[in-house]
Structures are given as C-alpha cells and as structure tokens.
Amino acid sequence: MLKHISKSLPFLFLLGVSNITVAQSQSPASLKKEVQASIDQRFKELTDLSDRIWAFEEIAFQETQSSAALADYAEELGFRVTRGVAEIPTAFVAEYGSGSPVIGILGEFDALPGLSQNKVPYKSPLNEGAPGHGCGHNLFGVASLGAAAAIKDLIDKGEIQGTVRFYGTPAEEKFFGKLWMVRAGLFDDVDAVMDWHPGPETQTAVQKGLALVDFQVEFFGQAAHASSDPWNGRSAGDALELYTTGINYYREHVKPTVRIHYHIQTAGEVVNVVPDYSRIWVRVRDSSRDGLIPVYERIQAMAEGAAIMANVDYKVNLISGVHEVLVNRTGSAALQNNLETLGPISYTDEEQDFARKIQEATEKPQIGLVSKIEPMEETQEHSMGGSTDVGDVSWVVPTIRLRATTAPNGTPWHSWAVVAAGGMSIGHKGMAYAGKALSMTMIDLFTNPELLEAVKADFKENKGDYIYKGFVPDGPPPINSNLQ
Amino acid sequence: MLKHISKSLPFLFLLGVSNITVAQSQSPASLKKEVQASIDQRFKELTDLSDRIWAFEEIAFQETQSSAALADYAEELGFRVTRGVAEIPTAFVAEYGSGSPVIGILGEFDALPGLSQNKVPYKSPLNEGAPGHGCGHNLFGVASLGAAAAIKDLIDKGEIQGTVRFYGTPAEEKFFGKLWMVRAGLFDDVDAVMDWHPGPETQTAVQKGLALVDFQVEFFGQAAHASSDPWNGRSAGDALELYTTGINYYREHVKPTVRIHYHIQTAGEVVNVVPDYSRIWVRVRDSSRDGLIPVYERIQAMAEGAAIMANVDYKVNLISGVHEVLVNRTGSAALQNNLETLGPISYTDEEQDFARKIQEATEKPQIGLVSKIEPMEETQEHSMGGSTDVGDVSWVVPTIRLRATTAPNGTPWHSWAVVAAGGMSIGHKGMAYAGKALSMTMIDLFTNPELLEAVKADFKENKGDYIYKGFVPDGPPPINSNLQ
Amino acid sequence: MLKHISKSLPFLFLLGVSNITVAQSQSPASLKKEVQASIDQRFKELTDLSDRIWAFEEIAFQETQSSAALADYAEELGFRVTRGVAEIPTAFVAEYGSGSPVIGILGEFDALPGLSQNKVPYKSPLNEGAPGHGCGHNLFGVASLGAAAAIKDLIDKGEIQGTVRFYGTPAEEKFFGKLWMVRAGLFDDVDAVMDWHPGPETQTAVQKGLALVDFQVEFFGQAAHASSDPWNGRSAGDALELYTTGINYYREHVKPTVRIHYHIQTAGEVVNVVPDYSRIWVRVRDSSRDGLIPVYERIQAMAEGAAIMANVDYKVNLISGVHEVLVNRTGSAALQNNLETLGPISYTDEEQDFARKIQEATEKPQIGLVSKIEPMEETQEHSMGGSTDVGDVSWVVPTIRLRATTAPNGTPWHSWAVVAAGGMSIGHKGMAYAGKALSMTMIDLFTNPELLEAVKADFKENKGDYIYKGFVPDGPPPINSNLQ
Amino acid sequence: MLKHISKSLPFLFLLGVSNITVAQSQSPASLKKEVQASIDQRFKELTDLSDRIWAFEEIAFQETQSSAALADYAEELGFRVTRGVAEIPTAFVAEYGSGSPVIGILGEFDALPGLSQNKVPYKSPLNEGAPGHGCGHNLFGVASLGAAAAIKDLIDKGEIQGTVRFYGTPAEEKFFGKLWMVRAGLFDDVDAVMDWHPGPETQTAVQKGLALVDFQVEFFGQAAHASSDPWNGRSAGDALELYTTGINYYREHVKPTVRIHYHIQTAGEVVNVVPDYSRIWVRVRDSSRDGLIPVYERIQAMAEGAAIMANVDYKVNLISGVHEVLVNRTGSAALQNNLETLGPISYTDEEQDFARKIQEATEKPQIGLVSKIEPMEETQEHSMGGSTDVGDVSWVVPTIRLRATTAPNGTPWHSWAVVAAGGMSIGHKGMAYAGKALSMTMIDLFTNPELLEAVKADFKENKGDYIYKGFVPDGPPPINSNLQ
C-alpha cells in the first residue's frame, strides 16, 4: 500500500537558514541573485531555442530535431552529453560538475498531433493538420536546461560543488518516455530531481495527478463474406463491440475516482467482410496505482469474456502507464519560498490584451494573465485531471515540482491557445521565470545538506515499503510501434 | 446426419388394395363406413367431453381435470387405463385389444396462459387472465380418443385384430410432455402412431416443423447497495444484459433457418440493489436437430463469456427440446386417400357468419371457413413456423399426421379466436372429422400388412443410422418446476 | 441554486442559556430531567408498541396495523388524531396543546420486503419471504411518539406552552410518503420539525444525503411469433435493452457524485413471442437536486432514442423523488448539546455478546455496540449513501435530525441483522435514548425563542430563493399502484 | 412491385432458326464460326492486354492505366471512343457500326485492395499490400472487348448490320460505376446488353443476385478530456456503438433473405478525448429492391435514435446501391444454346495440376478445373450471395449474362487464388471462351429480329410498371471521395 504523509512542518525551519559550513563563499540569497542574472543574460538564446522547438512541431518519439537542438546547446555550454539513452534515440542526459550531491532536472520537448497554430490570439493553423506545442513543452525543456546552465555557471565559479544533470525526456504525451529512462537506471544515483510544467497559474505543484495504464486488446476471428456466408465468419468486430459494451456496463462498478476510456483503432477494413481482426486502445486511471490495479485486471479479464462470446481469440498488450506523483512537501516548501522571493511575473498591456483575446475566443472570463504566487495547497487524497510520467521518477528519487504561468487564465489545455501563447512573449516570460525558480531551489539543494536530507527523509517515509515496478512491457520502447 | 427421403411412390399401389387375407369379414371400405358411424353416434358425448376440457382451461402439467376426464371416459368404454405414466401425473395410456399390430394414437389436452375467451366472435375473456384453448387441444385429445373408440368397436365385433392404444400426452405447449413418455419407453412396442392437429385448413401434414431446444441460463453475482457502494457489487443483471447483447450480435452468424428467442425471467427485484441473481429462458430453433446443435452449443458457451465479463458465476440448465418431424410420406398417402374419400366439412350459414366475424375482428380477409382437401404437399427441406413434441415420437415410431379445420381461415393461432371457434360447433365439426379420418387410416394400418410394412420401411430408410437422443435433462420431468 | 452555509457558531451562545422570560416555572435543565423520566415511565408501553409493529412486518403504504397502533396509542394519550391525511390511509397527524410555537416530530413505521427475522444473532427468518424491519422503523415511530408524549406531559403541567404535533409518516422505504404530506400543506404552520433515525452509532445528523428521482419507462411494441414471423414484431424488449445499454454508456458522462440504477420489471412473458410490452424502474441520485435534474432529463430523452431504434412507442412516468436534506446546523448544535448531556447508552454483557455474534455472522470486526457521542461533523458538499423523504420536509420547515444506536457497529443496513437487534433490548434502548434526546431538544425549541428564531434564520439563509417543488406526479399517491 | 416471370419456353423455337430475311449472306452458324476464329486470331493481343491490366492492379475509380489500355486498343481497332463519360474519368464507350440494332457489351477492369499475388499456386504477394485482380476483372473487360471486335469484323465484312457498343465500366467493386453511366443515359438507345463474369464454372447466369444499398452515418458530438471532465463530452463514439447495437438487435426482425453489414470507419482518434466525430459504412442487401427499401429506411431511422441516446447530431449519406438483376430468360436460352455448341474448355495437365495445388492450398477438394456446361437453372425467388451494378443496367435494357470458368472449382472468391489463376493460361482460356460465347450470342441478337423482340418482350413483361430509380445521391460520382 502506498502511503502519503504530509508532515513537512518539522523541516520548514531549515529553509533559507543553513548552519552547516559548505564551500560557497556567498550566501544562498546572493547565489540566487546570480542565477537569476544568468537566466536573464541567456534570455535571447533560450527564447530562440524555444521558438525553434515550437516550430519543429515534433510528436512523441519523433522529436529528433528538438532533442538535437537541446543536446547541441548543452554541449556548446560544456555539458557532457550522452545521446540515445534508454534505447530511445531522442532521450539524452547532459551533465556538468562532479561528485555529490547530484541534482537532476527534467526537460520535455514533444508536441501534440493536430494543434499547429500561428502566434495569434484566435484559431489559425500554421500548418494545417500538423502537430503543435499545445502543452508548452517547447518552453519546458528550454527552461530546465537554462536552470541547469545557471547552476553550471556557479560550479564554474566554485560557488557550488556537485553535479547538475539535465534529462532530455521525450514522449511525455504518448508512451511516457521516462518509464524506460527509469528502467535503464538513469535516476539511480541522483539525490533529488526538479521539474516544472507550463500552465495558467504559478504555484508549487503538490497534487498527485492520476496513475494510469495503457494497453491494447487485439481480437482475432475468421473472415467470411458478410452476405454469402456470414455464418462461417467469427467476427473480431463483434468481439470488440461486446468488449466495449462490457466496459460501459462495468462503469457502474468502479469507484468515482476511476476513469476508463478507449479508442477503437480498427474493427474491419471493408463493409462486406466479417472482420477477422480488431484492436482497441484502452486507458484506465485512478488516483493511485493501488486503485488502478484491480480495475486494470478486471478489464483485461473482460477481453477473454468478449472473445468467448464472439468465438474468437484475443491478446492483451501492455503499452505503458504511469504512477501518481509521490509529492515531496519538504522540497516543495523550499520551492514555495523561492517563488515568494521572486514574486509574480509582470506583463505588458499588449500581453494582457493578447491573453484577453484568447479568453474571448475560448469563451472564458476575460481576466487576462494571472501570475500571482498561489499559497501551497493541501495535497488531496484524490486529485482530478491529468497524469505524467514524472510520477514514475518521483517514486525512485525525491522530486520537486513547479507550475509557472505561460498561458492566460482558463485556457483550455492541449489546445491551439496554449500553442499561440507559448510561441510568444507570454510563454517566454514563463519560461524564464521557471528557469529562475528552479535554479534558485537547486541552490538550496546544493548548499543546504540538511534540507537535502530532509527531502530524502520525506521521500523515504512516504514511499514506505513500496517496491517500484513500472508499467513497462519487456523489450525495447515502442519507438516505431505499429500499435497506433 | 439425418436423411429425409421422399420416395413414397413405390408404395402408392398398396393403398386401398389389399391382396393379403386377414381376419376381417368386411372390406376396408365398409369398415371405414362403420367408424364414421361410430364417431357420429358418440358425437354428443365427445362434444360434451371437449367442452368440459375447454372449460377446465388447464395449462401444461396442470391438466388434472382434463386428463382425468379423458381417462375416465376411456375406462367407461372398457379401455385398460394406466394413469401417471412416465412420472407425469397427467400422462396416461388407454389400451384396447391384444396382439399385433399395435397402433397408437396421440391426444393432447393442455391450454395456453392468458387466452380465456367466451364463445363469441370478438375478444371477450371468460375468466380475465385465465388460460384458454388457443391451440384447440380440447378437440385434439377427444377426437383421437373417439377414433380409438371407433376402432375398439371393430375389435369388439371381431372385424379387426390387434391393439389400439390411446396416449394421453400432456404439456405439449410447454416442456413437451411426450419427451418423457418416449424416454419411458412407452412407444417401444408400437407399429405406427397417428396424430392430428386443429388448424384453419384440412390436409395431410407432411412438413417437418422445426427442431427446438429450451434452456435457461442463471447468473449469480454479489449484491451491493447501488448507491453507496456499487463497486462492491458484481451484477447478475449486467451479465444477463451482456449475454443478450452477445446473442443479438450472434444473429448475423447463424443460417437463415435458425431462430433464437429469449425471455428475461428476472434481473433484480428492487431498484437500489445491484442484483445478485438473474435468469433467462432461451429457445433455439432450426429446421433440423443437426443445424440446431452447433448453435445451441455456441449460445451455451456465450454464457461463460458473459459471466466473465460481469465477473459472476453462471449455470446453464437444459429444460427440454424437440426434434423436427420425421415425415412418413407412405403413411401420409394412405391418410390423403381417406381425406379425399371423406370430402370437405360442410358448414351452416351461422358458422360461416361466425367465422367471418372472427376474420373481421382479427383483420383478415372475410372468406369464412375453408375445409377443402388440400393436395398432399412436397416435404420442404426447411419448413417455417412451429415445433411439436410429436417430432420426438416420429423418430422412434412411424407417425402419420393430419390437420383438420377447426377455425376460420387466417385465424391468428394461439389467440382468443381459436378458443372461441374451438368451443362451439365449428370446432366440434373439425373434431368429428378428424376422428373419422384418423380411424379410417387406422383401419388401413390394421387391415393392410403390406402398407404397415411399407410405412415401417419408409421410417427405417429416412431415419437412417441416427440414434435418437431426446433433449431431456436427467431426473424427473419439471412438473412443479420453479423455472418459470 | 441551493446554498448551504454553515454559520452555526454565532448561535451557540444561545444554547441552554435563555435570557427571555417565558411561561415555564422550571429551568430547561429541570424540564429535560422530566422528559427523561417520562420516557422511562412509559418504557414498557413503548417497547410493547415497538414490538407489535416489528411483528406486523408491513411494507410501504400497507402499514395499516402499524399506523393504527400508533394512532390509537396517541388517542389514548389524549392527542387529537387525524387519520388518512394527504389521501394516504396510513398517514396521520396527532396533535396536543395549542398556539405557538408548533413543534413537529416525524415517525416512520414501514418495513422492508423479504427481511423477516427472529430475534437471534444469526440469519433465521421468522416468516420465510415476509417483510422485516430492516431499517428499524418499528423503533422510529414509537420513539418519536414517546417524545411527543413527554412534551404533552409538560404542556399538561403548564410547563410548556404551544403545540406538539406528531406526524405518522408512511412509506419512507418506497414511494416516499412525506412527499404527499408536504404537498397537502401539513407542514405549512410548523415552526420546526425533529426527526431521528436508528443506526449503528449515536450522533447529530448533519449530512445531506442524496437527492433522488424514481421513474418508470414503458415501451409498447407489436407482438409477433418469434419463430414464424419475427419480422412482423416490433420488440418492446429490444427497446428496453437498448435503453439500458444507452444508460450504461452514459455513465461515462455523469459526474462522480451521480448514481443511476435500474430494475427491469418486465420484458416479455413467454419465450416464443416478440414482446409488445416492457417496463423498467429507473432511479437517479446526486448529491443535490440541482445536479440531479439534467441527468434525469437526459435519461428521459434517451427513452425516445431507444424507442426510435426499436420502432416502438414509449411513456415515461414520474413515480416520486426526494430532495437532499437542508441541514440546520443551528438546531443541530442544540441537539448535540443534549446528546452530550445524556451521554452514551450503556449495555449489558448479554447485549454486547449478542452484538458481537451479529458482527461475527456478518463478517465485521467484533467490537460490539458503540454508543459514544460523536462530535458534530462538518457538513460535506457531497455526501455518500442514502436518501430520505425527510429531505423534502427540510426544505419547507427547519428540521433537526438525530441518529441513535440501535444496532451493532458495522451492521449491514437493510439486513436481517438490523431486524434482529431492533426487536430486542438493544433496539429498545436506542428507542428510549432517541425519545429522550428528541424531547430534550424540543424543550429548547419550546422554551428558547431566540434559539427558534436562529433556527429559522439558518433555514431561511440556506434555502435562499429556492422555490420548493417536490418530485410528485399529479394525482393521488400510488397507494394501490400497479407499477411494481 | 417487381415481377419476375420465367416464361421463356414460347420463345425457344426462335433460337437458331431464323425465318426472316436479313442482310447477311451466311448462316448464323457460319458467322459464329467466324467470330470464334476472330477471337483465336487476336488471342495473343488479348492475353497481353489482360496481363497488363492484371499488373496495373488498379482499384475502383483509380483504374487510369487499365481504362486507357482498353480504350487505346479499341481505338486502334477503329472503334469510336468517348472517354470520361458520366463524369467518371475512367469510364468510356467504344462504338462501331451504325444504325439498329444497338447491341451493348459490358467490360469491367477494377482490382481489389490487398490481393496482389504472383502467378503461383500458393499465396505469394507480388507487391505486398497492393491490390490484385481477385475478381478476374482483368479478363472481364478484355473478353468483352474481344467479342465486340469480333462483331466489328463482321460489320466490316457486311455480314452484320447495326451498332456494337463496348462499355468500359469502372468501379464495380466499390461505388458501382455503372449507376452513374445509367443515370447519364448511356444505355437509353441500346436494344440489348451482354455481360459475363469470371468464375469457377461455366453457365448461363440466371440468378438475380442481391439488391444492395450503401450509406454512411456520421455522428457529431462534443469533445472533452476523457479524464478531467468526460461529463462535458457528448460522445460520437457512444452514438456509433449504440447504433451498431441497435442494428444487431434489429437482425431478429428482418426476413431471412436480408443481410446487414457495416464497417466502423472512425470512432475517435486518441484515447484520452471523448470523440466528437464518428462514421460508419453500412450495407443492406435483400433479394430484391422491394425488400430492401423498408430495411434501409428503418436503419436510417435508427441513426436518429442513437443520436438522441448519445445526445449528438447525425447525418445519413447515401453512397450508392444496386438493384437485383432482372433476369432475361429468353436471351439466356439463346446464350445457353451457344454454350452447348461450344462445349467445355479443355485443359492441359499442367493447368489441372496448378488448379489442384490451389485447391490444396485453399483446403478444397482437389478436383481440378471444371468447365462442363451446366444446364440452365431455374431462377430462384431468393438467390444468395453477391450483388452487381449490372443489376441496374438490367432494369433499363434487356441484359444477358454468362459465367465462364477462369479459376479452379471451389476457389474462394476475392482471394489471392483468383488473382493467380487469372494471370496465367487458365484465366486466358476462360477469357477467350467468354469472348466466343458472347460474340456468338450477339450474332443471334443482330441476325434474329424475332429473338430480339422476344428478349425485349420478356424484359418488358418482367419489369412491369416499375419506374427505375437508382440508388445514387445527387451530384457527381464519388471519384475522390473522402468517405473511405
């Protein structure tokens, strides 16, 4: 059983107050000023890089140019870059410094299908039908790398000792690339990991999100002419439809936190043949892996029932899945402190106007951009909404997470509106802000050993005796999968 | 594999022309006059008996009074009556004479639920909600017993030698009582059997009807409060609904001659409980037992699939089933000959008027009663429509079948209109006609050994090497079944 | 829009401290001692009455003897009894005293089908298949009447001025009798109402429960012989099955607080007829009437879709439904105070042993009876579980609610175990306890005008501008309904 | 109502015996020898042409090269060629001669998806995934054009007067190109049309095949995130699934001659979005257009029901459809005469060996090729199996049809085995045989006016007062349809 305990208070006194002698000659506050300056100084380079990735519009496991652009930039900065890690061509690790502690930072860069959009506040595809950065990952990878670079500067100056490591993590939107990076042991020697995500507000991210598993069911029947002798056919299409009917009946018997959705991928090719093959992609979510497992098992078993009913064969293939996030409230409190130090992003009238036009176009209240620092929330037992493969990282290494404003309040996520805002100054400002907040918190982790220990203790306590096991099938990652 | 060959022609020369010396002192034609007179003489007794059974309105396996009335009458006539045969309280055998040949005749007497009706040509229940003789079985048993009695008279006079045996066969409308009578070996020593059925026309019955099997599927789940914790319930109702969905998808994959129908018997008792029990009655038909078996097996297997999908247990219970009729065209030709000798029934203006009013009320062409003798039809490979447990008798002993007019042309069967006509002179005339035609043909069977041999040879050839096995579960018949 | 505001704190100072001069010569605390004594004194009469109702085992709208027993007893005590109110033969009102304030108290007395049980701690039907008091309503009506009687005593003595009114409210378990009593205006002149419910713990009841609506859908098709001409049939059974399939697909698209359950009532009578009639009972629940309405409307609309798909006609009939409870935290705080004054019920070793045996038989932790006074809970926005027609009363008059221990901790509700405990001393003790707590709180309402005003203000504020409209079809209540 | 009367006998005397003086100087028998020689003489050209079309592997409406090859060859032979008729780029007409009578002949040339195959007797794709001539249409068009060329030779020689017209008819396998050619009036001035089809036996084709209609149903819902707020989604996928469920329930209520099949084309693109669009291709068949229409209307209506159930919008689009063939038994008798004159095709040992290997590979009895001339069958009221757009031609002009052996007995049609046999000498021989039989029968039509009149009278009588109306939507043919 997973346990989530939120006892961060005993560690709060540690924040910002280090009574341990370490190598740095400056105070943490002063170092934090330096990293802010470092981000500002590279602002042009970083926004250029972000805009290039924005324009590459590359989706999961196909982010060749995006990955190369980030890796090249890291290399130029002097990082030791290892490309193609975890059997994934677009996954890489960029490291700087040496020795302990090892602080990681995650960077995503994949786009979403069908969301290509111009940098205008109304729907207007740049390349009709092409992908677009509807989740802001063009900013994500760049901000994290910018933060790592700022830390590198301090290592160069001898202000900080240890290793900073940037993880170029592909395919977050589909397949969940981090699963294979975790499986490959790439996080085994890290002390703590930082991470952020673009969003419509600025806050320390302390909700767990949802655990999730993706799998496919294939049915194999016997084709027959649908008019001449349908009685000689055993329909894989029937099996699939009976399967989905069963799933929909089953909805009554899952807890309210469970979500089940599916996508019929194929159920016959031509109208006059009893189909001998069908395939469906099924996703199950719950607020925790513990709740997920019995539902996942039940829905797998239902495939056998459907196959018997339609007199066909079947096969269930695990694709992948993610854990809910193991929230580290101790580390989150340090991040919150830095957010409050930084204060909100300020916007120009033009940016607020752009935001309000997006809100008008998406029928949301036209309140513009909101970047005030939210108080750190309670971690809910059951959170709503999305899932992330950062969840899996968080079960092997303490993970501290930020959300920074890159889009107008109320923006429908995974939409053209996120693409538009992420390609212009609104997104750029959020990216720079995230880079600063992340590097400031990394300074805490590098320079305050007690904090780092407390972060680790929080992780250990909340993880309990759970032995992490990812939802990953044996064999290589589905880079060129024909599952789609 | 069942074979049905219709080579009746070689035997036609036998009909009406006997060159074998037997005991009777009169010609068959003369004997046939006698049995006609015998029926006419007992007409009042027979119609009274029929009207009493009509008024008893007793359904399958509950025909206590109807069975007793027939058995008592047989006993009064001097028959040796054995009641409660084949573990069925309402089944009996009434025998007269001794030695060979043994010629049987079948008599049914069960009513149908919900069809109670006055003797008027418009819908008017006698006892609201009570059963009624919507299939004319009040006439069926009486006519057959009347025919047996006419033969008895000839045995008494020494005109005929051998044994006539009347079978009181209950529960034809539901459960198919003859199955257990066949299982009990009650037909093992019979040379040939005769049978008739009320109908809207007069003809030798040479179509096979449909083979059929009835079974129930029960599902056993886990109850739960449907609002508080439906996730702790495993729904037997869901299983049943998924099962019927599967059956309906399966309809595409059966041959056009197959029929599948079902009746949901129970699927939960109250609205706020996930049901832990459900039950469905399923019937499968095809033009032959050979076509039926694979469909029956498939639909049984589907119950397992549905149970797996809903995570419940299940049980399949065979109720009963019937074979298609093994038509005996040799014997049928003899019957046809007698029909043509008898000629059609004649009706009064009042009877025709009554018939036309029924036709008006049931929106049929108002052409009145039709009793002309139809030519003997070709036996179709695939016949439509109904099923009868006479089918099972026909696979163990040669069976010759008649249909006689007891209702207006076009009357919807199993309806109030059949009840109305069967309770007054239209039905009575058909009953008497049937008694005559049956006893005339029995005279052929008793007095023409070559015909009887030809009838047996026809039976043997068409039956081929099929080993009869009835659709009967082990154990006693479902007299007090809680399956309903 | 319904608003629920929980501002009870400003009124807490009012409790137990009255600075207004009223007629009574004794302190409230002293009066509360008197009502306790009054309940104790009538304990034998009350338990006899409860045991008689327990043995009557009468279900919704058929509680003739139970209703009469309570009404007779009230009459003997001197109450003015009006029987057969609101067009319901088993509903009655028993009133004592005169003038303001008018304080009401509710009493239920209907049993549940199929739960008949002996007074033993293992499953053992008293009358196989008969109803039983699986919700403890045998105790419910009696305790409330006992409380009213205790108040009557004080009115008799001149200690209290005003009117106490007992409502005999039938059919809570099905159809929700209070709906018609509200519709008849029986609560229009009441200042506040009290109410309790048997349960496995003792606490002030401040959760809202669920709003609910019950309705039936009927489908009307065209019968046909399922084998001869199913193509001439239009199946009401198909329509019903397509309807339930649609409902199950719809489950994905309702909020997690919504519950939909149904019970197939009939979908054909015999296996070989395409059914021309089918009927289903559907229940929809949500945490509030506001959430319920759009789901209810959607599911009604789906009936049209199913009817079109199966080419049949349909009809939707509203049966009844209830509102969620409008919780009155001000009144609840007064009740809580009295509970804390009374302290927990104490049990004998034999009673605890009986309780543990029930827990053993129902596979619950064997911790015996728990009667400690729970602190008053926060009122949840979305509560789980059951529904009650007290909800409707609570929207027309301030309603204060109690739960008192009458069964072992963990007892599955609506089960034999509740019947067993409710028929012996465990139930009797809970009944007496409830009678005391209710009458003590009524003393507060009678003697503390400021409290009563605060209770009314709380009601008014939380009700807001909602105009109450019950889920009741036009016409009389379904006393002899053929809907079941 | 369509009537089909088979009174061909009165016209049989006409065959082969012309007592009318016409222009030709030779007897019909002699002319028939000439056309046989003509086919033999062009055998190399025709087989080359057939093999080229076989290798083009072009599917419906994309047969650019195939159409051009045939049209070019016709042009070389001197025919007047009109390309791109009926708004279809690949449809053409090639005409020779002038004046009456005008005798048409049909030629198809489209391949089937996914059947590419080498000329070997086991499954072996020539181009993996590419189309192949699994219905033998590479032979079909060429044989017909060869027959037309043989007639042209006789016109050139003055042996025959009138016009021969070859119709290059694309897209028989999908969309049914002839529908638009009929709509364009291209058959309005023709006296009779001939036609053939490759097959596993040789016979006059006198069965009606099945009428058919193809249509699509589109559902339009509202997308939503399937995890965050599925309650804001209205699922076009649900609508589609409810629609197919309804169709499968409906199967019980169609006559045994009806076939309904469908192909889910799209029901959502990604797993985590409630799909706002879905589309299904539905095909309905029956043995006649009369039986088809009410089923087609019913299934269209069901789309509305499904849309209501899922709360979405919908649209039904007619694609196309065909009539059953109006069989012309008078013309067929003339063709049968010629088949019997020609006698069966003879095969080499190598060909029979190739055939038996195909039969082995497809698990059929290894009896080789069967080319004996079957007797002309009775025209069944309800025939099984396929459908053809020749049906539509047959309702506007008398149509005489042949099947000739081009593949081994028992070959599964629309399979690699047909492709293999059709690409080598087995197919070539059948093609030449068809060319001869067709041109011989055309000679009868050109030279025997009484026969032609009798053929027309047969057509007129059987067509009755039916006003032909094709299953064609308004607007141009779906050449570049996005419906697929």
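The chains carry the letters A, B, C and D, assigned in the order they are written, with residues numbered from 1 in each.
By our rule, contacts are C-beta pairs under 8 Å (C-beta built on N, C-alpha and C of every residue); 3 or more make two chains touch, one makes a residue touch a chain.
Values in this document were obtained by computation on a predicted structure and should not be read as measured data.
When the contact pairs of A-D are set against those of A-C, A-B or B-C, over half line up by residue number only for B-C. Averaging Cα atoms per chain gives one point for each, and the point farthest from that of chain A is the centre of B. Of all residue numbers seen at the chain B-chain D contact, over half occur in both copies; the interface is built from largely matching residues.
Chain geometry summary: the mean Cα position of chain B and that of chain D are 49 Å apart. Chain centres here are Cα averages; for chain C and chain D they lie 72 Å apart.
With centres set at the average Cα position, the gap from chain B to chain C is 55 Å. Within chain C, the positions touching two or more other chains are listed as 226, 230, 241, 245, 249, 252, 261, 274.
Contact residues of chain D toward chain B in the complex are 245, 248-249, 251-252, 256-257, 260-261.
Listed in rising order, the residues of chain D touching chain A in the complex are 113-114, 210, 214, 225-228, 230, 237, 241, 244-245, 259, 261-264, 267-272, 274-275, 281-283, 285, 384-387, 413-414.
On the chain C side of its complex with chain D, the touching residues are 226, 230-231, 233-235, 238, 241-243, 245-246, 249-250, 252-255, 274, 298, 301-302, 304-311.
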